[in-house]
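To keep things clear, I will list the structure first and then write my remarks on it.
Think of it as A, B and C in the order they're written, each chain with its own count starting at 1.
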Amino acid sequence: MAIQRITSPAAPEPPPERWSNCLLVDGVAYVSGMVARGAQGEMPTGMDEYEQAKAIFGKIKGLLEAAGGSMADVVKITVYVVNIKNNVKVWAARREFFKGNFPASTLVEVRALASPEILVEIEAIAHIGKGVR
Amino acid sequence: MAIQRITSPAAPEPPPERWSNCLLVDGVAYVSGMVARGAQGEMPTGMDEYEQAKAIFGKIKGLLEAAGGSMADVVKITVYVVNIKNNVKVWAARREFFKGNFPASTLVEVRALASPEILVEIEAIAHIGKGVR
Amino acid sequence: MAIQRITSPAAPEPPPERWSNCLLVDGVAYVSGMVARGAQGEMPTGMDEYEQAKAIFGKIKGLLEAAGGSMADVVKITVYVVNIKNNVKVWAARREFFKGNFPASTLVEVRALASPEILVEIEAIAHIGKGVR
């Protein structure tokens, strides 16, 4: 079966010819680095890492559910932050979306994300339907 | 079937015992972070992000074709830049290599790549033969 | 078969509700970004990139063996360093753990890792049992 594009009302679509938020193939969902921009592209001004990560995980959850899966199916996340001293804020958000065996994770501090208001970007890989519910 | 190493004239091979440009296993091609160095290792001096990204996508295309696939099979790219303000230049190059559903993508600004002349590094995952042609 | 968490005495487990060092699903092992912290969480103070990378690859090896595989099964590694000028030190460690076709690799300099003593972080993807022995 060919690669399928997955969309969800939870995750605003980018303009054409940029990227897909999520592609599904061979039972594996690849989720783009997601940020906490709003439904109309609004910057996440004033939102800290906890709030941004929560918004991002909400988008990832919506995409995975649209793919027929759930957050339990996530096997790997990569978290990019601009201030690693606030990593505990990302962890706090993560605890609200996962239970049992958390995904394999990498978290690094990069120099910049797409705009200064964006403090966190998170990408994910999930094997749909393979999580322990 | 065991992991296969994929090579292409489009992508100069590294010295021994460094990395493989592309490995193929279970129908999945993993492409290393590629940069715009020339066939003899020349630095991409004077090439901007558009030109470097174009050279890089050309290498990835060559590798995927050598693996029996195409750019349509790419499900995820990760783009590392040293000046995220020039991300539109990478996007411009990307539009020349993809159509339809673009790959899931992450783009972050790191502090440095292998040498100061290198402005962009791009890695990719592709599920060979699964793209919509 | 559902996602399985893989553990090994070689790689100290994180506290609960943080991440899994390694998850295995559909024959693919996803290894978290590993660092050279000691068995009791000790910082790798005084260890250079070579020593840290060697400690990290030792952890990855232990996890993959616990998953029924080996370092030959690694198809992709991503290496995050804080001083890319020392990348040859990481390469030196890598040569002690791989032979034949090295994994596809990406190596970038980020601004910071989890603490200042940590100079290297490495994540890996392996297709268990698919390496050329």
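A few comments on the model shown:
Rule of thumb we're sticking to: a residue touches a chain if its C-beta (ideal position, glycine included) is under 8 Å from a C-beta of that chain, and two chains touch if they have at least 3 such contacts.
These numbers come from a predicted model, not from an experiment.
Taken over every residue number at the interface, the positions common to subunit B and subunit C amount to under half, indicating a different-residue contact. In the Cα superposition of subunit A onto subunit B, the rotation angle, rounded to steps of 5, is 120 degrees. Between subunit B and subunit C the centroid-to-centroid distance comes to 23 Å (mean Cα coordinates, whole Å). Among the residues of subunit A, those in touch with two or more other chains are 28, 78, 110-111.
By the touch rule above, subunit A contacts subunit B in their complex via residues 1-3, 5, 17-23, 25-26, 28, 30-33, 78, 80, 110-114, 121, 123. Chain contact summary for the complex, subunit A toward subunit C: residues 27-28, 72-73, 75-76, 78, 84, 87, 91, 94-95, 98, 101-111, 125, 127, 130-132.
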